[in-house]
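Okay, so subunit A shows up in both of these, paired with subunit B first and subunit C after.
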Partner chain A sequence: MNASQTQSKKLRQAGIVRRVIFVLVAVAVIVPYILKPNLPGEPNHWAEEVYKRVDTLKPGSHMMLAFNFEPSSGAELYPMVRVVLMHCFKKGVVPVLMTHYTNALNLMKQVVAESATQAKKKWGKDVQPGKDYVILGYRPGDEMLIVNMGENLKGAFDKDLDNRLTQNMPALKGVNSLRDLDLAMDFASSGTTQMWIAYGSDKFGFPLVAGTTAVQAPDLYIYLPPSGQLKGFLGGLRGAADYETLLCRSDNVAVEGPANKGMPSQSAVHVMLVLLILGANVRMIYGKFAGKRKV
Partner chain B sequence: MPEPELIPDSTQNNRWSPIEMGVLATMVVVFLAVSLWRQTVEGIAHNPYDTIGIIVAAGLTLIMYSFLYRDNPLFKIAENLYVGISLGYATVMGWREALRPEVFDPLFRAPTETVLYDTLLHRSVPIILGILLVTRLSRKYGWLSRYSFGMLIGWGSGMGIAITTHTFILKQLETAIGPFQGAGQHAAVVPFSWPWMTAVALPILLAGIVMIGTVAVLWYFFFSVEHKRAGGALSKLGILFLMVSFGASFGYTVMGRVSLLIGRVQFLLFDWLKIPR
Partner chain C sequence: MIFKKATIPLIIVFVMGVLGFATQYVPHPASATVTEEITSWFKVIGGFGLFIGAYSLIHMHLTRIKRRMEGWGYSMFTFIGAAFMIFVGLYNGGDGPLREASSQEQVTQKMMFDWGYQYVFVPCTATIFSILAFFMASAAFRTFRARNLAAGLLLVAALIVMLGRVPVSEWFSLQVFGDKGVFDTATDFIMEGPNLAAKRGITLGISLGAISQALRILFGIERSYMGGD
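Showing the complex of A and B:
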């Protein structure tokens, strides 16, 4: 067999191995939905900090939710927003939603509708727009918008997404700027959390927590205490699952929710990937020794 | 005579074998049959938009995943559809949520003269600067956009430099040296006792590691001096720290990508196939 035939054979083998791995990943994700294993898991410290911050808010407090992701990151962040909104409705906290992304608007309405339905079903809370929550919507400007909201929130958003005037809105009573917020949370799929830290919480002095995709998570650890620029943070689907666990425990019910449903699949794929990486490394090291012995 | 290829090597050519074409056609028919069976004709009649939306979304999801086998025309169509729809949606929403209420309506649909004069007084300069930005597309008049860019960069620098310096540098420096400063606050604690270890020794050790790692990584990227002997060793230490951080990032990225797959699988199982949750 000449060199080009050997190369072609290796490429074909690599193609087959690649496809086998894809099938293994698919099986590792799908099988837990059929078997439904009950895997133990403890929420991490930073998820508990976010939960405590929301849980200690008094009824009538205002919490801004910056909805900064698009449907492409919805798999990780939608369950997170859903459970935080449910917690807000349970505690009587008024969530104030806004976004820097045009593609997020309908997703915002969808998650609020779903959380409101769950809040009514679980705790009998009947939430009304304009009174118990407000969706401010989208304005362009990124950092400029945050500075604008920090100085005059109702000037930045004179109407909400449904064209109601914000000036005398019951949901925004007592909130004229970001300084008047009791808590803010940025749900981010890109670098908006750093923007909110720099132009928001550091400048106007309100407490900020974050919920981000897992890809963003490593960049945010430096802002957690002792730095204190972020008071807590939820990382990826695991963060959403931790929050769901804490909320269900507070109600003394079995842990449930879309994020927790995904955790057995997450664990299965991670175990499979670790085994594959270890196996590949063992094979590589064995191949090196075998090659040396031949020489 | 070369052996027939059961699984063709997609790196060699883009031609589809008759077996592959047959499998693809069968899968399309199976998909449509399963969709009609699980979504049911009654579901389509009762809630047509949602039901057809679920079928289309499931189809596009599976088409995207067909790329894992090999590139194909259906994938190309779905990919371009994704880009086009995202851009189109963003454009329409940008017009509806920003341009129309902030520019078009105040100028051309002002309810009273007072509102129109107020708009001209307060919004004319930003509107003109915004229009000048678009002149960037013209070779002849592109220089006009420099006024707008100048404003943007000026504002950005004026706001950003001070804030960035405070948030991303000074605040982080404060945190880094905090444990060394804080050691003095625990002077009353007995040295080498457990409280001393947790309150003084461990924070200082960790802060020391962070400081050494930061200096080593910064040194690695300093290319004005050759990295020899002690400098070389420090550079290698910097590489070690970088590898550890890349490993952590990689692990989180894998978790993120798997989460996206889990989201799609949940949609396919619970919304498309209607398997009980």
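Showing the complex of A and C:
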């Protein structure tokens, strides 16, 4: 077999291996999702910090939720927003939602509607827009918008998403700028958390926590205590599952929620990947030793 | 001519840059007023940016269709999808042509615009991102090989973090080490130790570079944003 034939054989083998991995990933996602094994995990201490921050807020406190992701990151972040919103409604905290992304508006409305339905079902809380929560919507500007909100929130958003004036809105009573917030949380699929730290919490002095995709999570450790710019964070679907676990435990009910539903699939894929990588390395090392012995 | 094309933009950049910089450190109420005014203008300029982006997109796809370039059919779908969403978004306040003009009672009902968003846009974008999982799995399989010490350390760290971030690691940890928190502790150590140190160094370096670049732009040393002749 000449060099080009060997090369094309290797390429064909690589293509087959790739397709086998695709099939294995699909099976690892689908089968646990159908079987639904019970895999509770101990919440991470940073998730506990976020939970504690929200849980210790008094009824009537204001918490800003910066909804900075699009449907592409919704698989990880939507369950996170959903459970945090449910917690806010349970505690009587007033969530103030805004976004830097135009494509997030309908998703925001959807998650608020879903969380409100769950809050009514679980705790009998009947939340009303403009009174118990407010969806401010979208404005362009990124960093400038945060600075603008920090100086004059009602000037930055003179109306909410449903065209209600914010000036005398009951949900925003006592909140004229970001300084008046009791807590803020940025749900980010890109670098908006760093923006909120630099132009928001560091400048205007409100406590900030974050919820991000798992890919973004390693970038945020530099802002956690001892630095203290972020008080806690939820990383990826596991972070959302940890929060759901904490909320269910506080209600003394079985752990449930869309994030926990996804944990068996995530576990299966991670374990499968670890085994494949270990197998490939064992084969590589064996090949090296076998090669040396022949020589 | 040079004054108009080169010097005036430089003066504007310098003045606005210094103004924006100064308002961050001046506590006087006038500084807050100036900041509000600047951010309002920023919103207006952002709105113009939307028109420029839309024009650019239309021009690019029209060119692809006219020249029958590869994948020109997808450009047709771009226009069809955009036209549909613009039409239902504007017509009847989002209700679309199949309903009468929305009354107050109908506001809470699902509108055609919402339907297009929830049942077309959301599944399509979620699907595109979900495909990444397959390619990442394949790339991880090919990349994580312990060819040398550094690669070996990366491999071990990656395996620990991958296992530590899923609940099943507690079961593994209990079976192997007799304590369910071993993988979690190891993951936390890796993320809060070596990862944090490396990220901090990288972020400091990037920030210093960004400050240097900003000063070069403010003082007119860096002029690539003005375009070339």
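In this text, the second predicted complex is superposed on the first by the 294 of 295 C-alpha atoms of A that agree within 3 Å, B and C clash if a C-alpha of one lies under 4 Å from a C-alpha of the other, contacts with A are read in each partner's own complex, and residues count from 1 in each chain.
Methods note: a residue touches a chain if its C-beta (ideal position, glycine included) is under 8 Å from a C-beta of that chain, and two chains touch if they have at least 3 such contacts.
Note that the coordinates shown come from a computational prediction; the quantities given were computed from them, not determined experimentally.
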item: Touching partner for A:155 - first (subunit B), second (subunit C), both, neither; value: second
item: Partner chain(s) touched by A:75 [first = subunit B, second = subunit C, both, neither]; value: both
item: First, second, both or neither for A:229, with subunit B first and subunit C second; value: first
item: Which superposed partner A:137 touches (first subunit B, second subunit C, both, neither); value: first
item: Contacts of A:281 with subunit B and subunit C, given as first, second, both or neither; value: second
item: Touched partner set for A:16, first subunit B, second subunit C, both or neither; value: first
item: Partner chain in contact with A:255 - subunit B first, subunit C second, else both or neither; value: neither
item: Touched partner set for A:270, first subunit B, second subunit C, both or neither; value: both
item: Contact residues common to both interfaces of subunit A (with subunit B and with subunit C); value: 22, 25, 29, 70, 73-75, 103, 139-140, 144, 147, 203, 214, 217-218, 222, 235-236, 238, 266, 269-270, 273
item: Interface residues, subunit B side, partner subunit A - complex; value: 5, 7, 9-12, 68-69, 86, 89-90, 93-94, 97-98, 101, 155-156, 159-160, 163-164, 166-168, 171-172, 174-175, 178, 245, 248-249, 252-256, 258-266, 269, 275, 277
item: Residues of subunit C defined as touching subunit A within the complex; value: 24, 32, 35-36, 38-40, 42-43, 46-47, 49, 113-114, 117-118, 121-122, 125-126, 128-130, 133-134, 137-138, 140-141, 144-147, 155, 158-159, 162-163, 165-168, 170, 180-181, 184, 188, 191-192, 195-196, 199-200, 203
item: Touch list for subunit A against partner subunit C, complex; value: 17-18, 21-22, 24-26, 29, 39-42, 44-45, 70-75, 103, 106-107, 109-110, 139-141, 144-145, 147-148, 151-152, 155-156, 203, 214, 217-219, 221-222, 224, 235-236, 238, 241, 263, 266-271, 273-274, 276-278, 280-281, 284-285
item: Interface residues, subunit A side, partner subunit B - complex; value: 8, 11-12, 15-16, 19, 22, 25, 29-30, 33, 70, 73-76, 78, 102-103, 105, 137-140, 143-144, 147, 159, 194, 197-199, 202-203, 213-215, 217-218, 222, 226-227, 229, 235-238, 258, 261-262, 265-266, 269-270, 273
